[in-house]
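All chains are identified by letter, namely A, B, C and D, in their written order; residue positions are counted from 1 within each chain.
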Amino acid sequence: MSEERPRDDYLRDGPNLTGAELDAVLDETWRDGPGLMGWIRSVDHKSIGKRYLVTAIVFLGLGGILAALMRIQLSGPGHHFLGPDRYNQIFTMHGTTMMFLFAVPVMDAMAIYLVPLMIGTRNTAFPRLNAFSYWMYLAGGTLLWVAFVLNVGPDAGWFSYVPLAGPEYSPGKRVDIWAQMVTFTEVAALAVAVSLTATILKKRAPGMTLARMPIFVWAILIVSLMVILSMPSVALASSMLLADRLVGTQFYNSYELGDPLLWQHLFWFFGHPEVYIIFLPAAGFVSEIVQAYTGRQTFGYTTIVLALCATGLLAFGLWVHHMFATGLPRLGYAFYTAASMAVSIPAGIQIFCWIATIWTGRPRFMVPMLWVVGFIVTFVIGGLTGVMLASVPIDLQVHDTYFVVAHFHYVLIGGAVFPLLGAITYWFPKFTGRMMSEGLGKVSFWLSFLSFQGTFFPMHIVGIEGMPRRVYTYPAGMGWDTLNLISSISAFVFAGSVILFVANMLLSMRGGEQAPDNPWGAPGLEWKAASPPRPYNHAHIPIVLDNTPLWNAEQPVAYGLRVEDRELVLTTVLDARPDLREPSPEPTAWPLIAALATTVMFISSIFTPWAVAIGSVPIGVALIAWFWPKGPPHPDPVIE
Amino acid sequence: MKRAALILPLLAPGCAGIQSANGRDAVQGALIGRLFDVFLGVAVVVYALVIVYLALALLRGRRHRRRESGLQGEPAPSLERPWRIGLILFASATALILFGLAIATWLTDRALAKAGAEAPLEVEVIGNQWWWEVRYQDPVASRIVRTANELHLPVGQTTRLTLKSNDVIHSMWIPNLSGKQDMIPGRESDLALHPTRTGTFRAQCAEFCGMQHANMALDVTVESPADFRRWYEAQLVPQPAPGGAAAAGYAIFQNRQCASCHAVGGTPASGQVAPDLTHVASRNTIAAGALPMSRENLARWVSDPQAVKPGNNMPKVPLSQSELGALVAYLETLK
Amino acid sequence: MSLRFPEVIAAMLMLAATGCHRESRDYRSLALQAQDRTKAFGGNAFHLAQGQRLYAWMNCAGCHSHGGGGMGPPLRDDEWRYGGSLPEIVTTILDGRPNGMPSFRGKITEDQAWQLATYVRSLSARTREDILSGRADEPSNVEPPVLDERKPVRRVTPRQDDASEE
Amino acid sequence: MTEQPRFTTDLAPLRTYAFGHRSLTWWGIVAFFLIEGTAFALAVAAYFYLMNQEKYWPPQPIAPPGLLAGTLFTILLLLSEIPNTMAKKAAEAKDLPALRKLLIVSSAIGLVLMGLRAWELDSLNVLWSENAYGSAVWLLLVLHTTHIGTDWVDTLVLAALMHTEHGDTGRRYVDCAENAMYWRFVWLLWLPIYVMLYWLPRLVT
């Protein structure tokens, strides 16, 4: 085969083929198929991203309902609204749903949707792997919630400490289903991480060197690497737990040389990076929002990127602060105290830079900016209580109490959900082509912000006053009654505010005013594409000259990509010089079939270990069919 | 330090209850409490500074507010310079504050270690699913006191609790006295307590341990050494078979299901898998804090333990009214 | 989604029939007749786990060790001198048997006897696979289950087809 | 988009495939290296974690795993690198006939390796359910067996693919080169595990 000579009879975009005529051809090439089969076969990052977002918001709602039930039970001492068994299932499901089925997938959703648009390409790398990851995520969520409805929901907490979650003290299939759900969501998150890493490294628009990448894309790159390095830990731990429960291995059996702390080490080695996997994309959202609404590039671009890297690195060095009460040697703890305190410095630096950007820019106080201010006010409280928790003696008093519950709600809802709601409002015009209503947005912000403080600030005090975590009831006269009542009432108001936000989304989807391509005058490449973006995102691959492409007078474009087949450009990793023309895989249903085969294997392996061997044959067949090239061989390759 | 102490009272409201980390009724509790005050004070100050900084940025931003979107002109590098210096100052200030807090933590750790160094009294506490087994160690085997769900401590002396577990991970936490320590099966951890104030406190299991994690409490009574000595001797006294009205209850206890699991010193009943009932009537609560001790509550508990503490391991023993009355009468004698 | 939905619902309903019963923690004492008790206790993982703990608490291992037998007969094999069905094992526990098996009537409650019997039957792997617990948190000096047929002893009660109890 | 965008860079002359880090799938495979490498590193860490809690390792009555099977497996695994490297060179040189033969040789070696692995699992002297040591040893071996099994199936599929008419396209050569790279990762990962499982207990007691 001689050197690949580009045959000239292919139709290519360029000066002679542009505008509406090009749009027709590209739309035909990149569009999803019609109807249900088209939806199932789709590999377009935008439709997969939207699916992830809708599913994650559904799970947010379900998790929220569970939180409401818990608050009803805890609104006063000695209530009988929920029995212990049902309450334990509910708080476990609340934690598991919020962490595994909402927080990580919703950040994946935004990343899958936005990263290709922001770096000026037409689809993620390995789009079929993305489709596979969504089906696995959906299957894992469905498994968990169907089990919960059938009274087989896990009841050992969202981190299922052994030996309570072991074979002897958790009879039946409840914890098995939890462990298998972890395997599902972990496979999904790893698949997304692999595809996003490859997308960000290889598919940036020509000229977008690493130093010119948007900060959100930096955050997603670091988060993807953290997912790749942390998720195997929980995969290993949950597989070992499943082996202990089903085939009688002795990993966590202290009577047979095993150790319950081995589970805690492996789980929290994943657990703490997980919470930074949830927070860093939110930090990326804030950097983008602040940049757009103050009309200037975020202050200290390099500082923030280094702070993100520092957070990503440090996150792997402080998991033992979850185990300060387990009696490990004190000198080891001192190291983890230092690391846990040090991780607040990068976060503090980012806060400083955002406020500096607001100070020196000319801000417009639209709804996303309100969410950013609400985020700063709330997250700093969570960060400071986090520093308190880093100190061993204080942690021994407040560990596993409602003080910790308050802390992680401040850093997870305050630190990740507030920026997420701001980001949804900010990118809503790009997702749907319509603006969310400002008035309704402001009301839902103030309602959320105030009811959030009312719900979770009293928990600091109740925790100090001695109320332990995960109790389905508590005696009267301990000084906790009024504070819990306040939390419960505010919790319902908070739930109302989130419902209001979702209502605002649904109403604006149809009734919102039409949005231009760049309603906020923001500098990112995603605002160069149409609202909602055409299936091929950018008619011509843009060329980037600096950090804020759309604020640059010069906006050159590249041309010469084939239009009748899916093709996009690969660039070199560091300075994004155009390198190869890469065919992008065509839509196919094989990822769904492979996901179904994997689901059958995972679920049946809970009932019999043989299912692992027998079940992997259909998976092999599905994967081979997925990769096997179809149709006649093309001289200029197309991935059928 | 003093400034932080001034700010603190208004933030940790309310007098400390019988189960509150604000109680600080032991040397350990006080040390941790003081460290918490330092951290809280610093946190409040830092938070105030951040909010002031944010507010100024927002106010200044409000003055330069604008309607139109898009680039407003890249700020001149000269304007950036003060902010670069500000950033370096901010980062180093944060690092310095954290370093100070780390030093405070280290000092507290050292003081805690010194406070718990030597302990004249050794107590072994074993966590079970949803109750505590408490054994006062003594070199002379016959003077070992076995009790359950209660802990008596002499004030002004250090007591070391050796913490173990028979089944899942529990966590011994007496908020008024000290921090918590997990009880992990296959491991032993210890907790030193040096109470400084007499009184009754309530401890609770702080690591989720199953269905009745919420009702796994422990009554802690701190009393003068003399009272403690008196209590200790009383606990050593075995319970002879009673005469009169309680004799029927005694017969039921020995012959029916009770003796299979429970033990009463001085009687054939010597079950090890459930709380020791030798001096059950002298305790403040029943079933690890589920009900306060009283005649009706004893009857209510024995007649249907699953109603009071659903899912616990004590079965509903079929008893007629008369048998129940006799049994409760017998239990009342176990002072 | 529509084409997959009916199958999913059908599968769930079928699962519902077995799912929630196997998992329900019905710690309230069950006033049921013998054959209802077999289904109530036999198919429930919670009762099997409680039986496992009672086996340790009531010191059954003293004579039967962990099912391998010692002074008492082994419980892991398929050899039942006094009947291998649940009600028969409960009768053995509550009323005792000649040459050595003590009567536990009055020493443990009716429900506890049924829980114990459920666990004892599971030692010879006759219970459904999905109810068995992987292992106990205790030293694993348990020999692998011995299911090879030994010379049958004269049976007291006619041999019932055990499969009927699944 | 009324006025004509400024066209500056013509992408038409770019190549459509390349070997090494220029190809997209190379980065995907490196990411998978990281995932599997982390999983193995943590499994080894768990093994050491359990080990330093015991005085005797393996715990008393149990003998260390039989050397013969493991060593034979390791030797053959290292030898398999010869056809593997030749296959990589053949792929980069786009020499189809040689590549086809080498892929068949690699698949055959894979089959023998799986057989040796089965014998190795039989000569471990411990069951996974006996104690944590047995569990950890079996965990590492089952993980590596799946690892080697998946890459063996990949090699089989590639061998079959290269014999079809699709075989003679640029990207398929890239796939073969990257599969050879993945095979290297498989045996590189096995060496530390082999030393740890087979030699550490013998040297350290």
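Basically, a residue touches a chain if its C-beta (ideal position, glycine included) is under 8 Å from a C-beta of that chain, and two chains touch if they have at least 3 such contacts.
Quantities reported herein were computed from a predicted structural model and do not represent experimental measurements.
Any chain that touches subunit B and also touches subunit C is listed here: A. In terms of C-beta pairs in contact, the better-connected of the chain pairs A-D and A-C is A-D.
Centroids built from CA atoms put subunit D at 51 Å from subunit B. Between subunit A and subunit D the centroid-to-centroid distance comes to 30 Å (mean Cα coordinates, whole Å).
With centres taken as mean Cα positions, subunit D sits 45 Å from subunit C. In subunit C, the positions touching at least two other chains are 25, 53, 135, 137, 140. In subunit B, the positions touching at least two other chains are 167, 185, 211, 310-311. Touching two or more other chains at once are residues 129-131 of subunit D.
Of all residues in subunit A, only 83-85, 88, 156-157, 161, 163-164, 168-169, 254-255, 259-261, 292, 294-297, 299-300, 303, 325-327, 330, 334, 337-338, 341-342, 344-345, 348-349, 351-353, 355-356, 358-365, 373, 376-377, 380-381, 384-385, 387-388, 391-401, 461, 464-466, 468-475, 478-479, 518-523, 548, 551 touch subunit B in the complex they form. The residues of subunit D lying in touch with subunit A in their complex are 1, 4-18, 21-24, 27-28, 31-32, 34-36, 38-39, 42-43, 46, 49-50, 53-54, 59, 94, 128-136, 138-139, 153, 157, 161, 165-166, 168-172.
Within the complex formed with subunit A, the subunit C residues making contact are 1-3, 8, 12, 15-16, 19-20, 22-25, 45-46, 48-49, 52-53, 129-131, 133-140.
Residues of subunit B touching subunit A in their complex: 12-14, 16-22, 31-32, 35-36, 39-40, 43, 46-47, 50-51, 53-54, 56-58, 60-62, 64-75, 79-80, 83-84, 86-87, 90-91, 94-95, 98, 101-102, 104-106, 108-109, 112-113, 129, 163, 167-169, 171, 173, 175, 178-182, 184-190, 202, 204-214, 289, 310-311. Interface residues of subunit C, counted against subunit B in their complex, comprise 25, 27-29, 50, 53, 57-58, 106-112, 137.
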